[in-house]
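Two complexes follow with chain A in common, the first pairing it with chain B and the second with chain C.
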Partner chain A sequence: MSLASLSAEDAGDTPAASSRAGHAGAGDRRRRARLVLLALAGLLVVVALASLSIGAVGVTLGDYLHARLFGGEIPLRDRLVIEVIRLPRMVLGMLVGAGLAVAGAVMQGLFRNPLADPGLIGVSAGSSLGVAAFIVLGSTVLSPVSALLGFHAVPLAAFAGGLAATFCLYRLGQSQGQTSIATLLLAGIALSAIVFACVGVLIFMADDQQIRDLNFWQLGSLAGATWEKTLAAAPLILASLAGARLMAGGLNALFLGEAAAGHMGLDVERLKTAAIFCVAGAVGASVAVAGGIGFVGIVVPHLLRLLMGPDHRYLLPGCALLGASLLLVADTVARVLVAPAELPIGIVMALVGGPFFLWILLRRKGLIAGV
Partner chain B sequence: MFRLSSRLPFRTARSLVLAASLAASPALAAGAPVPDVSGARHLVSIGGSVTEIIYALGAEDRLVARDTTSLFPPAAQALPDVGYIRALSPEGVLSTGPDAILTLEGSGPPEALEVLRQAGVPIVTVPEDYSGEGVLRKVEIVGQALGLADKAADLSASLRDALARAEEQAATRESDLKVLFVLSLSGGNVMAAGEHTAAAGIMKLAHLTNAVSGFGGYKPLTPEAITEAAPDVILMMSNSGDHAASRETVLAHPVLGLTPAARNNRILALDGLYLLGFGPRTAEAADELSRTVAEWAAEEAGQ
Partner chain C sequence: MFHFRSDEKAATASAWTGDRNGLAVRGLGVTLGTRRILHDISLSARVGELTAIIGPNGSGKSTLLKAVTGEHAHDGEALLASVRVSPDNRRRLALMRGVLAQHTSVAFSLTVEEVVRLGVSVRGAHGPDAAMSVAEALEAVDLSGFAGRDYLKLSGGEQQRVQLARVLCQVGAPVGPQGPRWIFLDEPVSSLDIKHQLWVMRFVRDFAKRGGGVVAVMHDLNLTAMFADQVVALRQGRVHAAGTPQEVLTRALMSELYDCDVPVGEAPRDGSPFVLPHGARVSPGT
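Up next is the complex of A and B:
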């Protein structure tokens, strides 16, 4: 089956789903969506508390709280494990997970295609180039810059690269004040090819260690989470999340097509611009602090559309909650599975997300017997 | 005869460079003072050569964990593995309960080391340098940090002798053979060692000529460059001790198989950490490399 036919079927699927839900009554669906949101919020709390309690060091949140609140004994090291390692890591994981999932949902709304991925607007490619440039050239050509920025150089390069690529693509996709989604898509593929060729050149120039660094970066990890990093990424991701929520009504209208949305009084051009930069902000910041983590942006919105329907007013908060939970679970697995070593989180995510996504796909196609 | 004479001036030049680099390296390495962690009884060792040195100093009873690259001596492999040297996880390292961490230069990521410092664990950084002096410097720093300066001085003195003997032995070799170090042959692509690599360093110690030059690091070579370089010896890392497999792969390779090295079956596969680790076994590795090549060179001269 070709990609085109898949996406066409999927796109055709959603109105059918909404008409099914339609005769059940709009109020019912809203109630259901609210229930799902409530359940997701509960899930996130549980997962977050668990992630504070589980790790290679045997200290749990209970020990910590007992010591802090009731003056119990806790070794300094255990206290620091909670305060300096697990807590910033948990917050960063939630931000990154929420950012990536919401960015995915916004992209899918914008492209009106459930397979759209933030990678399409060149953020990931641009970030990779920024990171590769710093890892490979940081000690030579770019040494003044890396001396100035210290180990913030790589995250900042990732962010700048992602934003620059998105901006280029946005300009390419625009003609006479109109943004053509089709041009954007094709230009994105071409730009990614060019950018990855540049990354290839850098890999060729790289030494062994640099190649390994790049490799690990591309697989993603939250192991480097510090309060500094978390606080640096938070404003950007939170602003993007809030921005996305404001666009929910617009994205719903866009579902009817650009022309129809325009007739409904929506400023389609403004929405598109805002959506693109919102996604670039969230993904750029996430990739900068955690490296390449795939699949969250596809799996989470997809699953939620099945659970609560395509209404972005519920879908987007749902994505933020579920994305955060999913990333925390993956991160917890990543850090305990091979403890005291740690798996890159991108591996865990793809190993968990991949089969899960396939299962959803097959189930929907009725290919698994008995479902 | 032509081959011999064309190399002699080159060798002189190379010795000069070697001397210069030996003179320069201690100055480079002597920077920040070495943290004193002599009281530490729970050490995590990051980096194959650092772990080897800790064992060589007899301080292995103080080790609680090691990284993935610490494979020698085999007893080290029984210790918990905290992950790859450049992808450490702070909590994983802390979970082994260290009161000091010894890291080879280049361990990371920097954020992980920063978090470990915040958690109050002193970190000793051991500089990496692909030279004989570099090995001695590592021993000195590890010894100083662990409060074993006397033992380290003894070890350093015996390693200095061993390195000098290996070097002397290598210098007596009459003829020279060009060596190509092949890092990997994945997909038929030959990744060879250029300048500023550990492989180039060990070749220097063994007074051997790298068959390829003009680039740094490990790079894929085009087939024509391999033919042009015509290496007399191919040096490789043995995959988990399987020397025969490495040899078979080279002989079966369409381009490497045609080199003088493959035609004369002069393929040497040695353990990666032994050959490239620049630790206590480096003198031995340089000596083995140089003796093997000397035998082959004598064979060639006899033909």
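Up next is the complex of A and C:
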């Protein structure tokens, strides 16, 4: 209840209040944040249309739309390329990008540290163990589970793995309300090592086809996106996005630390639990369908904080929009760079995100040294 | 540990303090880890007054403030205006009182206005029970014109005043439709220059005079003497003395409390005590 009450306000948002507060303040930043959100929405539309039109096979989107909307002839091949290959891939890419970026922002708000990225500190690793277990054991030991849950089984397994990892990290990284990013990173290294050992055991047990599946999935790719995969990931990711938006006010209160947020009436424990579920849901589902795509969760929130400030009421929707756009761009680049073959998108994101992360480190060395 | 039903709790509180609006603490203890920090603390603080908590380092002042604001779990009883201080009542308490910690770290690069506005968000900016506006609060802490500044680039004293402004926004008026409001402060002025020490102390005393309640952990004995209506002295986790500044801030009591000779004089203007530690003897030890 306190979450809602903290997020419901938009205090002093009237022009009168803003002008009384001395002009140059946060009012301008909020106005700018709204403009940035609008621009990001526009960008996403453009990028989405581009990702539908661009690809190894030349299909004119205009012809397709015209044929579908007003009736007309279009080659079956073109129709299938759009509807069966590119459209699910576009939707999946948007979901994964939005999920990863928002999960990053939520995690950074929760840990009160702009460097906390689900990929860096081992949440994705936890999820990947769940997925690997299903790839290798799905038809044998875990077959009752897959029979019960159908195509939702893999995302849910990834969710469970991510959840376990996030709870561990929270226990390890948190002491007296402060998070040490050094502890988090070290805990992430240890968790990842444990996970890779377990994945190693699974690989040892796997047959050739399973090893190929594992390997390709680990690189991170939207290739092989189907409507089934998209539907499997969508509920978890959409629920996490909605949950994150409800937490915006609470995450804002956490700017001041857990004690002060508590004094302001926030149920901090409930917020933390909700945030952890949210991160695990978005990351787990993304990892399940798209493998290890790194740096989205750190690049997108960081850029947006520079553009619109850290207010989560704007930051989280912004992350969803920009994350979706970024992933679509990266995926389109991955598809056309070496067409007709394609690069795994995880490689593209690492090539872009890695240097970006180093740039953040150069700019803000104190972030690690200070805590 | 006591478990009362809520109506019994209320009755007990009023019987204990004679003031249903006050802060009533009885038999309160706090254990952190395996260490018992506070033992059997009983005290009452009234609205209309500034209650100062003093004592040497490690005597449990901050712990006491954290216990009565619900940050630390405690045994015994703490009631604020008959509302039990516990996590279950966090929302109700948030509307009744604001808390300023000794240090508040801000995680991201926020403007001063954004920090203060977080206080507004507790109560909302509109309606009969509206929060104090950001501009008013900044004026109250002598930071008008700072709204657009980057919080992280302010000095420590300025940051502390911004946080106080945030608390003031949360608290709103000294008396609201549901009764008096409270401010709890942990060493509010220790990082401030002398002008702003006086500025802030005057503001919070005025808040009390207008019908609110103020509880402040204080290090500066002279400011305590000047502004407090009631002084509670803690030593080794227990209440050592409580009363008016005249009663508590005596040379004998202060020397005992701080384990060091503390000469206390009488201010020529109004006869209130003052501490002038020139020539005081300090011996090593506890």
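Following the convention adopted for this analysis, the second predicted complex is superposed on the first by the 250 of 371 C-alpha atoms of A that agree within 3 Å, B and C clash if a C-alpha of one lies under 4 Å from a C-alpha of the other, contacts with A are read in each partner's own complex, and residues count from 1 in each chain.
Note that a residue touches a chain if its C-beta (ideal position, glycine included) is under 8 Å from a C-beta of that chain, and two chains touch if they have at least 3 such contacts.
What you see is a predicted model; the values in this text were computed from it and never measured.
Asks: Quick check for you: in the superposed arrangement, does A:Leu185 touch first (chain B), second (chain C), both or neither?
Replies: Neither partner.
Asks: Contacts for A:Pro114 in the overlay, against chain B (first) and chain C (second): which applies, first, second, both or neither?
Replies: second
Asks: Decide which partner touches more residues of chain A, taking chain B and chain C as the two options.
Replies: Of chain B and chain C, more residues of chain A lie in contact with C.
Asks: Quick check on the superposed pair: does A:Val57 touch chain B, chain C, both, or neither? Answer first, second, both or neither.
Replies: Touch status of A:Val57: first partner only.
Asks: In the overlaid three-chain picture, which partner chain does A:Glu342 touch, first (chain B) or second (chain C), both, or neither?
Replies: first
Asks: Please work out whether A:Ala259 is in contact with chain B alone, chain C alone, both, or neither, and reply first, second, both or neither.
Replies: second
Asks: Across the two complexes, find the residues of chain A that touch chain B and also touch chain C.
Replies: Shared contact residues on chain A (touching chain B in one complex, chain C in the other): none at all.
Asks: If we count contacts the way the header does, which residues on chain C are in touch with chain A in the complex?
Replies: Going through chain C, the ones touching chain A are 66, 69-71, 87, 90-91, 93-95, 98-99, 101, 104-115, 117-122, 124-125, 131, 133-135, 138, 144-148, 163, 166, 170.
Asks: What residues of chain A sit close enough to touch chain C in their complex?
Replies: These residues of chain A touch chain C: 1-2, 5-6, 9, 11-14, 17, 20-29, 109, 112-114, 249, 252-257, 259-260, 262-267, 305, 309-311.
Asks: Within the complex, which stretch of chain B touches chain A?
Replies: Touch residues, chain B against chain A: 65, 68, 80-84, 86-96, 106, 108-112, 114-115, 118-120, 183, 196-197, 216-220.
Asks: Which positions of chain A touch chain B when the two form their complex?
Replies: Listed in rising order, the residues are 55-58, 76-77, 80-81, 84-86, 150-151, 204, 206-209, 212-213, 216, 221, 223-226, 229, 335, 338-342, 344.
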